[in-house]
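One chain, chain A, links the two complexes that follow: it is found with chain B in the first and with chain C in the second.
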Partner chain A sequence: MTNTVLERLRAPFEGPNTTGNSTAFWVVLALGVVGLLAYPSIASGGAAENMSQYLAYAFLALSLCFIWGYCGILSFGQVAFFGVAGYTFGIVAINIGSYTGISLAVVVALFVATAFAAILGYFMFYGGVRDVYVTIITLVVAVILHRFMGQTAGSEWAVGDARLGGYNGMVGVPNDAIGFGSVGIDMTGTGLYYIMVGTLLATYLGLRALVNSQFGYAMVATREDEDRTAMFGYNTEFIKLATFTFGGTLAGLSGVLYMFYSPGGYINPDVFSVSAAALPVIWVSIGGRKSLIGAISAALVIQWFNNRIDGWLSTGFELPALTPSLELTTTTVVPGNEWSLVIIGSVLLFVILVMPEGVAPRIESTVHRVLERLERRREQRSQSADVEAETETEVPE
Partner chain B sequence: MATSDPTIKTTQAVDETGEGSSRILQTRGLTKRFGGLTAIDDVDFAVDAGELRCLIGPNGAGKSTFLKLLTGRHDPSAGAIYYNGAELTDLPPYKRIDRGISIKFQVPSVYPDLTVEENLRIPLQRVASKAEFEERTIETLEQFDLLEEIDTTAANLSHGQQQRLEIGMAMTLEPDLMLLDEPVAGLSVEETEEIAELLVELNDEDVAFIVIEHDIDFVASIADRVTVLHQGDIFTEGTIEDVRSDPEVKKIYLGEDH
Partner chain C sequence: MGPYELLSLFFQFLDSFAFLVLATVGLAIIFGMMGVINLAHGEFILVGAYATTLSFHSLADLGVPLALPIAMVVGVLVTMVFGLVLEVTVMRRLYGRLLDSMVATWAISLIMIQLLRIQFGNSIDNIAIPGGNVSFGPYTNPYYELFLVGAAIAVLIGLYWLFTRTDFGMRARATIQDKETARSMGVDTDRMYMTTFVIGSGLAGLTGALYAPMQSMSPEAGTGFLVEAFVTVVVGGTSVIVGTLLASGLLGLPKAGFEYAFNSQLIGQVAMLVVAIVAIRLMPSGITGLVESWRQSRRESND
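Moving on to the complex of A and B:
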């Protein structure tokens, strides 16, 4: 009875378009969520706060996984929507610093990121831009934003009270609480952490349902063979535009959540830099681009690891020249330490060469194979037991 | 009105848009130029509802280009296309499919990474409700002799199975006009015969076909009428016997193919 209820609950989230459709997977996922929820009680406050940052990045990973893994649109500029949402949030929140103002800032930031993706996507997809050219255009957009925001140091670059601040960035964005009128919810420390975990879980499950829906199949078909799919009567331009736009919303959500984490309400143009733009591609390539859970896990693990390498290198070794701006590394998307990039780059190469589909799909197929082999062995054993039983009964005759 | 357009040549054969008649598809003055090359040159062509028409011609005659103009993959340089009396010259591909046209590509274009069942689901989910999926999937796979391969990844199917799967996928849309670009290329004799039987059977259900094919015996076994395309224009049209006995047709084939 409970089994069928559970199965019915699971059904919308399962299908061939997602990794992990077994009871074992859901148990592991539940354990993972419990682990994340328990993390602030186990680890130090600072570690939990850092984890909030990685959780915010997980949405950025999801946004790329969704558009690239499921619809074949490799955007090298998801950080553009991340950063545009972050700056927009900052501008609105600085000008209207109340609880309501911060809520409004969230809505406006998501809207602007979404609209930006929709406009860019419209010109790309209805203009017949495909494949690698989409990648190049999105990267160029991020680079242009990087340059543009970098030259906004002068006092004339301000929106109301919000100074854009050039490469020094925008500081003092109010991000402590969100709410309406005098009622606010705390958005700091562990409170923020739990909100992030909850939002991430909801987004993950929502995306699972989406990619296994009819629209999800249309996305996959467009990824596999666009011309063929159009000739089955699908409006593939629209499918790509809708996917890319929603990917922009997710990246924008990532940027907004990052601003809530950001100590001192700080954002600078490095969020648009090429090395920042490469990070989502690295997370998703390593985690597995056709696996939402792989993208999330890779973002969390790689960023956590990245931060630890910075820590180890700065305390364990005397390499002052390599860590010129540790202060910055905790507050910007780009790690200041070049060594961590070298190590992560090596991991990326290894994964691409050894398991091009990514780590999560490889784990799934391995578990699947092991389980099948165990099953077969059990069958063989029961068969041979049967045979033995038969021969034993036959002997007295 | 389209008829007042001076770029469209009206000829006796196509002075109707097809409305009210049994014409399912008609082109008028259809032309496609690629730079200096005229691939399709002022073609007036018509197919009746439920007809099985074969399109033959030497390599480079413009057969595939002609099909791509019909599906909207290419935009014509001039001319117009009418389907069931309505013009669809400027419609995007997906809207033409909605009107009841379906196509099988020249190279078997199944989704290689998806299973047979998932492949079939892509066209099926556009026309069938979720409750019907299973029944229609099994029905279609039985008809195209692929039921045993339901869980096979399409890339692992044989060439013939892929051809059949793609025809099956295209047919699930329940088209009134089916375009087939070389459906038996690379198939064995038995497989070719099977496809021929299948097409005749489907044609009996009032689906009109335009089939591009090089295999003249295959054409003879299925075609109601044959259109010979040569250098982007209609060279001749008639029954297979007419075309086979036409010495001019032999000449263009021998002149260009050998």
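Moving on to the complex of A and C:
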């Protein structure tokens, strides 16, 4: 009986559009969540705080995975929505200030990121812009924002009390709690960490349900063959616009959560830079663009690795050309480490050449194959047992 | 606006135009031929620029005459070899996989930016701009900028000749038009791809060599070339020469105009990018697509 209840509970989250539809997968996922929840008690406070940052990035990975993997829209500019949400959050929170202001800042930031994505998406998809041209427009939008925000150093570039600050960035955004008036939920340290894990899990499950729904099927159909889907009477422009807009919301959520993590409430134009824009593409390509869990895991693992590798390498051997840009690594999205970018870039190249579908789908198919082989072996053994017994036709499990 | 201002604006336009043409052609050839967008194009240009700068300094130290032209040739050759190696090891697995090729070449770009930074630091010694200045009224302009305009036009003419007047060009166009038929007619298409990629790399190297005296080269400088080349290719469409020429003209105007009016490179660039986005929105298959459909409608009305 419990089995059927569990199965009914699982049903909306399973379908042909997600990797991991077996009991084994859910058990592993549960273990993973438990591991993430236990992490702050095991690791040092600093490590847990870093992990909050990677958890914020995981939403950015999800946003690209959702629009690229499920609807075929490759955007190189998801960081644009991330950064716009971050800056909007900063502007509202600085100007209003109280816990109410921070709550309002979350709402306004998500709204602005969503509206920005909707306008850009309407402009592109209803204008017949497709494929690589979408990729280029999104990248150009990020580049324009990078250059524009970079030249806002003067005091005339301020919204109310919030100074944009050019390449030095915006500092002192209040981000310690969310609530109304003087009543607030703590958004620092491990409190923030648990909120992020909870939100990420909810978002992941929600997206699983979404991509396995009717709308998810329409998204995948649009990805596979847009003209044919349109022939069947689907409004593919609207499907793409809706997908892209929701992707903008997710990237915006990532930006807002990043601001809660950000030490000293700090954001600078480097969030729009080309090397930052590359990060979501790296995570999703390596993790597997048709796998939501792959994208999340890749974001967490790669950023964690990116942070660690520098320590490993600098204790391992001498690096002559270590530049002072290292100081930026704790506060910006840009990986400032010397060799980590080379290594991560090489891994990306390797994955694209050897397993274009990504790591997570490869793991799933491997597990599948191993299980099938075990199954076959068991059948063979039971068959030979049949022959020996020569009486029974079915062997009880 | 007096005559001197107009002349200065005109020079600015020529400057933008030459930059866009030279930054774009290598990318455009590879895109037009293989349908692959090489996101490491900016770093290919940097390979040319770094090779030119480094060999110039060592040649000048040795007191070799004509150090700059020789260094530029070295820059082009190094980039061609570099392109050949990448074609054989990586690129040929990615033809026809447009989005994968973009991600893979972006990975190459990230690796190269970082390797350049590790090897050479955040900047290298510049080469002085050769030649004197032409002055008119209160303005001066280096002769070298005019030389770059000449070089841009020469490159376009050279490519036109290569693709329309030579046996290679015929085979290349056959490969673009219909790969299968070209193969069955005895064209070695794999080799055509390889040669085209090497030519595209060589043009990127040439751009790097020519701009080595004009800009301070740093590991990030490739991004600047790439973004402008990128939008010019897309606005131009798939026809290499016509597309590059028209798109460079179209985008060079707002770039030069706004740069001049606001005396800010940044505003010029932003204006150009905004015009590019609008142009892509209005002409999803580029200027070439527009020219193509215009030709077709004229042909139909003639019939």
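Convention: the second predicted complex is superposed on the first by the 379 of 397 C-alpha atoms of A that agree within 3 Å, B and C clash if a C-alpha of one lies under 4 Å from a C-alpha of the other, contacts with A are read in each partner's own complex, and residues count from 1 in each chain.
The working rule: a residue touches a chain if its C-beta (ideal position, glycine included) is under 8 Å from a C-beta of that chain, and two chains touch if they have at least 3 such contacts.
These numbers come from a predicted model, not from an experiment.
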item: Which superposed partner A:274 touches (first chain B, second chain C, both, neither); value: second
item: Chain B versus chain C as contact partner of A:235, first or second or both or neither; value: first
item: Contacts of A:227 with chain B and chain C, given as first, second, both or neither; value: first
item: Which superposed partner A:339 touches (first chain B, second chain C, both, neither); value: second
item: Contacts of A:124 with chain B and chain C, given as first, second, both or neither; value: second
item: Partner chain in contact with A:16 - chain B first, chain C second, else both or neither; value: first
item: Touched partner set for A:217, first chain B, second chain C, both or neither; value: first
item: Contacts of A:74 with chain B and chain C, given as first, second, both or neither; value: second
item: Residue numbers on chain A that touch chain C, as the complex places them; value: 74, 123-124, 127-133, 135-137, 139-141, 143-144, 147-148, 150-151, 274-275, 278, 281-282, 285, 319, 321, 323, 338-339, 341-342, 344-346, 348-349, 352-353, 356
item: Touching residues (chain side chain B, partner chain A) in the complex; value: 71, 73, 92-94, 97-98, 102-103, 105, 109-115, 118, 121-123, 125-126, 169-170, 173
item: Chain C residues within the chain A interface of the complex; value: 37, 90, 93-94, 97-100, 102-104, 106-108, 110-111, 113-115, 117-119, 121-122, 223, 227, 230-231, 234, 266, 269-270, 273-274, 276-277, 280-282, 284
item: Interfacial residue positions of chain A with respect to chain B in the complex; value: 16, 214, 217-218, 220-221, 224-225, 227-236
